[in-house]
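Each structure below is given as structure tokens.
Below are two complexes that have chain A in common, paired first with chain B and then with chain C.
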Partner chain A sequence: MTASNDLQRNTKKHFRLSPAARAFLALALVLLLGFVFNAHGAFFKLGTHRDALRQSSVYGILACGMTLVIISGGIDLAVGSVVALVAVCSALMAIHWNWSPWIVVPLSLLIGATCGAVSGGITALLRVQPFIATLAMMVFARGLAKHVSGGTKISTAIEQADKTYRYAELPKWFRAIDSRVLWGQVSVVTVVCAACLLVAFIALARHVWGRQLYAIGANEEAARLSGVPVIPAKIAAYVASGVFAAIAGICQAAQETQGDPEAGAGYELVAIAMVVIGGTSLMGGRGGVCLTLLGVLIIGYLEKILSINAVPEATRLMLTGIIIVVAVVAQRQRSS
Partner chain B sequence: MSDFVFPAVAPLVEMTGITKRFGSNVVLQDVSFNVRAGETHILAGENGAGKSTLIKILGGIHTDFEGTIRLQGREIQPRSPLHSNELGIAIIHQELSLIGPMSSADNMFLGRNKATAGWVHNRLQEQEAAKWLTQLGLDIDPRQPVEQFSIAVRQCIEIAKALSQQARVLIMDEPTSALQEPEVERLFQLVEQLKQQGCGIVYITHKMEEISRIADRITVLRDGKLLGTEAASELPASKLIRWMVGRELGEQFPRRDKQIGTPRLEIANFSVFPQGRSAAPTVRNASFTIGAGEIVGVGGLQGSGASDLFLGLFGAYGNRVSGNVKIDGSTVTIHSPRRVIEAGLALLTSDRKATGLVLRRSIVENIVLPSLSKLARKGWRRPAAEQRVAATMAEKLCLRAASLEMPVAELSGGNQQKVAIAKWLETKPRVLLLDEPTRGIDIGAKREIYELMHQLTRQGIALLLITSEMSELLALSDRVIVMHRGRIMADMPGNVATPDSVLAAAMGGHEADNSLFAGNDIQSTNAPDNESCATNEPVGGE
Partner chain C sequence: MLRLHAIVHLLLVIVILAGCSQSEPAAKSAATAGEKPKSDAPAASKTFTIGMSQCNLGEPWRVQMNADIKAAAAQHPNLEVIFKDAQNDTLRQRSHIEEFVSAGVNLIIVSPKEAEPLTEPIANAFRGGIPVIVLDRAVRGDAFTCFIGANNVQIGRAAGKWIAEHIGNDAKIVELKGLMTSIPGQDRHNGFVEGLGGKGKVVFEADMKWLEPEARKEMDSALARFDDIDVVYAHNDPGAHGAYLAVQAAGREKKPLFVGIDALPQEGVAYVSQGILNATFQYPTGGQEAIDTALKILAGEKVPKTITLKSRIFTKENVAAGGAVIEN
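And then the complex of A and B:
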């Protein structure tokens, strides 16, 4: 189990909490905050929790891929732009061209995978720093999204050649993604997010590839000299991140009922914050999906609690910034 | 007679009763050491004797220790390298601590810039830097980035930096290891000059020739204990070596019955091009054969290409190699470590922290890393099997650890090395390349590793060994190959090889005129032991 890998032995002299325990503590603290500032009982309503989870789901999907990449010692700044690119492309295919989801979804995932493969290839093969490689991909994919959409939102209102508008129907499966299941208490996106977390968890904890990512992130040269296929494993991490970004892109398009080329801006930073708050080290080689789940919940609930208390957005952003610093400082390991 | 005058010369630095522990491991025990103004004090001892720990205490790197330090009679507690600098103690490190892209003036005034309200007076700093540099006879532009100078010049800049900080005690840790002959000469002149200025110099070296040239007094440490301090004139080379080594080689190295079988590894015309094929190879046309159960030692000085031979064979340089390599008679295409590992080769790298282990991860993860795919079923890991394998290995190698889930970083050097060996044994290698297997580990763990090597040879594994310790090379090897600038200069049976013959070949076939490995006197005292060890003398008392 990933979490148990991270459990540090508490020595007799220094009592140290494991990163998982600390993240749990932080989450409990956030929930306590909600308990106290419950906005006249709004915090105790099921709908609030459903919304908190729904609103953090797209970020959570991105955080899955981000966890894989960060554990391998890299970073993926391109995911926000890939969300936009895939949102635009899937909206175009599904709404304008009315293609079947059996074609749209695989093609969308392929777009995400390609973006990941390119940025992964640039880092692993050309040895460009991941920050730079994915920054370039971030700019490029944003441009491509704008190019594909012609700079406008891809919505049900379709402009004709004669400047008039025709209104297409929103595909049923788009609506399904934005609906709820389990007696209307859980959003479909949340289910998708949970599935993504599970897949990433199993891959990291039980697949050989996951173990290779940890080794690469902690000491790439030692991993290479131990026979780990460093280049394919690293590229695969970026491909996975691209695929998760594509899933997030489809969800985004379904939720907004349109493909916005401006969508997803800054999402990569939220995803990184979630991973880091969970306790996964930006240095690589340490962390896991369970921690990321806690990170997703911490940030998701924090946002929700601040918003139900009608804290203005300006204050909310400032508070979030402060809390990220506090959480990461608290997470920092003192072992040398 | 002259010794009776010395109370008049109060020591510059006096360390008394210094004890230092790393966990339960005592690395220094009740050591006393002093340096007087105007002397060169040699600190001698084998690797792991505690020399660098003692220096690090004085330099403020290790701050928790028992004992007292007095500087000119006043008790001090160096809290940090910076603090110790302020007190007038400077260490010239083996790995230089200058910042490459910065100029020598900037380096010298780093952290204590001449500035008004934060604005640096560049001109003033450069003048000051130039003053110190010229004093050392160095005519360089203080504005030039230090990375553009040779190592020798950089070392002088470092000394100038120390002097500019008003250092009274200069500690030089193997300062000549990277220097050529004329530069060494200049360094010695500099040492003489510093002595006359009243500095106390602590000089660490393994080279006997240097000791006899510049020593005023010598302090010998062995296994963390002080053996004594003597005036250089009272400590002739033969006695010094007895102090340092302290035991017969026969006791240090276990014996084994060798049984050499069919050829395991055959290489022919093997060359390695780390910089690509257009650049010069670091290993040229190496050819040799190792049999099952044989230990072949590879000797050579720094830059001989021995490590590159290992890395090249192991596929660390990808396909930038040429020649023919056969394991158990079948040709191996060298392409990547992965393929080579599958073919039955394993490499214990010389730097276990940088390239051998994934320090942040657990013992289990490290042990199973090279055999992950083998232990997995269709890519899915089987944690229970991994645990089992790691536990068996740990028991076999007598690994001492609180738990197998513990990060490797928390283990001692010897136990880390056992993890590094364990991970390779798990791949069931046919040929094991050992690059400095006993570097930086204590005597007890060394002995265990020697015994393990013997055990492996009994299983028919061929061992190829690089070691910078001459005694180890001669005592362990059935055959010694000596390399010089990428070429194999000699290939001789272990019982024929002597320090003289190895050194001669390592220096390119000329007669060894000075002592780069250990020294002429070491050779004369050790040679009989090596022979008795390599042949058939029974172990006494057993």
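And then the complex of A and C:
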């Protein structure tokens, strides 16, 4: 390598922004968009921001698990379907059977963990491509959700044997999840999402397992040779993704006051977009939860700003597409 | 690489197999020995097989349509209904029709996904001597026995009229539309505007894609922009329910009127009973009418080419009595 080449590289590096700075810039641009198109001042109301954060929360919880899986070099397409499966199961247990949350929540998380363990096991042990393994789980879990619910929503209107309906009370803890804390300024689901982000952050940045995931994502063979327990670490990533999806499923059911077997369709794509727009590499080995948080805010605020301005659907889709392309092209500069 | 290909192919086969419609002989099992067939049931001694192809069981309304057909057929022990679900796939639905023809069913009921691609298979079955009842969505031409469907423009108009009667001249209206690229969305919007007759003002409108979570998000935005909203008109009941949840979460003192469409027993009608919606307008499935018409056809009676279903309105006052029929 010649000296001039080296110099060039160094200068270039100097001017290049870090992924976090780039994501911050994107978020600032989106917020600026909100300042300009403020929908007669609606953007300056506190409630708008509270709602924007609440609406991004379910996606954000999914994005936590997705970050872990993507950093390990995989992908989890099943999370949207797991949201539906857990929404249906938790609504069934909580609304129809009136079980205590101390039973419903652990069982729901167990359902999510099982889904994750199965797709992780198929990927790590049978060496099936993560795309295929989780695609299979996506189809299967959606089918199971429809089977458990009988194809209809599990709501407070419960059909009885004689075709009449009895109306169940919505469980108090469902209401609690859809309520607000801190003088009514923060939704509980937002707090849940923040807690999930924190847990994922600690796991990735402060725990040995997180280091292992980075190593596996960067070069699986090298990781194996240097003694990283590749198979358990990878399966654990999918289990974590399943558990986060289960948490999202409970939040979804509580916010909808019902378990909808069609819920969460396409959510996996939003979660993946949030992770990637933040700057985590789809190739694995690079990224982090802080970047994902920025990605969640970018997409969440973009949706909110388009919504308060009542932008027609066609324009919304086109704008969202453009923003995703711009963000991804910006990320590619790093690898050039 | 070869191994990956093999896996992909295997998976595709599994997905296709899993996706293949499950046939389910339904009504036959209800051959309740003690229950007498209705006196007007034709040729009660003879057994008829009816093939029913549903375009997509992913929507509660279509699940209800199948349930209505099942319940209506259960009243007639001489009817056996075979249900198939095309899972929103036109070609799969086309093979349903062909399978029914080769199985030699006595009558076909089909709720088509799309008009164009299904016109020909339905016409072939019809010309081959099998009566065909087309439910909800029409096909081209007239090579079928009978079309049964509701009219979304009429229902939208009825909703508009009801709202106009309950609001002042300068009331603020939020319209949560299904999808304006879909015919039902356009019809429910156009009928509504007509029914309002210039009363009130639509201050906020958005596509909520027929989905409750989307409706809640859009309603949040409407609430952020307007302090007082008098009416929410949603193109389906889950949309109106999502808007209700948004208003409740915002803690507004004044609750707007919530009006939805579809009136499924476990959705819209239940919401009205629970005091969540002020009114819902039924989009009838036609399941009962399809079986009634099928019995007439099988008995050799003549039936009209088109049957337009009447909608019902459900409000707090009449929900216990099963709603009221809307004339016109």
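To be clear about the criterion, the second predicted complex is superposed on the first by the 318 of 336 C-alpha atoms of A that agree within 3 Å, B and C clash if a C-alpha of one lies under 4 Å from a C-alpha of the other, contacts with A are read in each partner's own complex, and residues count from 1 in each chain.
Convention: a contact is a pair of C-beta atoms (placed from the backbone, for glycine too) under 8 Å apart; a residue touches a chain by one contact, two chains touch by 3 or more.
All values derive from a computational prediction rather than experimental measurement.
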Contacts of A:226 with chain B and chain C, given as first, second, both or neither: first
Touched partner set for A:286, first chain B, second chain C, both or neither: first
Contacts of A:218 with chain B and chain C, given as first, second, both or neither: first
Broader residue contact with chain A after superposition on the shared chain, chain B or chain C: C
Touched partner set for A:260, first chain B, second chain C, both or neither: second
Contacts of A:155 with chain B and chain C, given as first, second, both or neither: second
Which of chain B and chain C A:45 touches, first, second, both or neither: second
First (chain B), second (chain C), both or neither touched by A:208: first
Partner chain(s) touched by A:169 [first = chain B, second = chain C, both, neither]: neither
Interface residues, chain C side, partner chain A - complex: 4, 7-8, 11, 14-15, 18, 57-58, 60, 63, 179-181, 204-207, 209, 212-213, 216-218, 220-221, 223-225, 242, 245, 249-251, 265-267, 270, 273-274
Chain C-touching residues of chain A, taken from the complex the two chains share: 39-40, 42, 45, 47-48, 51, 55, 128-129, 132, 135-136, 139, 143, 146, 151-153, 155-157, 159, 165, 167, 178, 180, 184, 252, 255-257, 260, 262-263, 303-304, 307-308, 310, 312-313
Of all residues in chain A, those that touch chain B in their complex: 4-5, 7-9, 206-212, 214-215, 218-219, 221-229, 285-286, 335-336
Complex interface listing, chain B residues touching chain A: 314, 316, 336-338, 341-342, 347, 349, 354-362, 365, 369-370, 372-373, 376, 379-381, 383, 402-403, 405-407, 409-410, 423
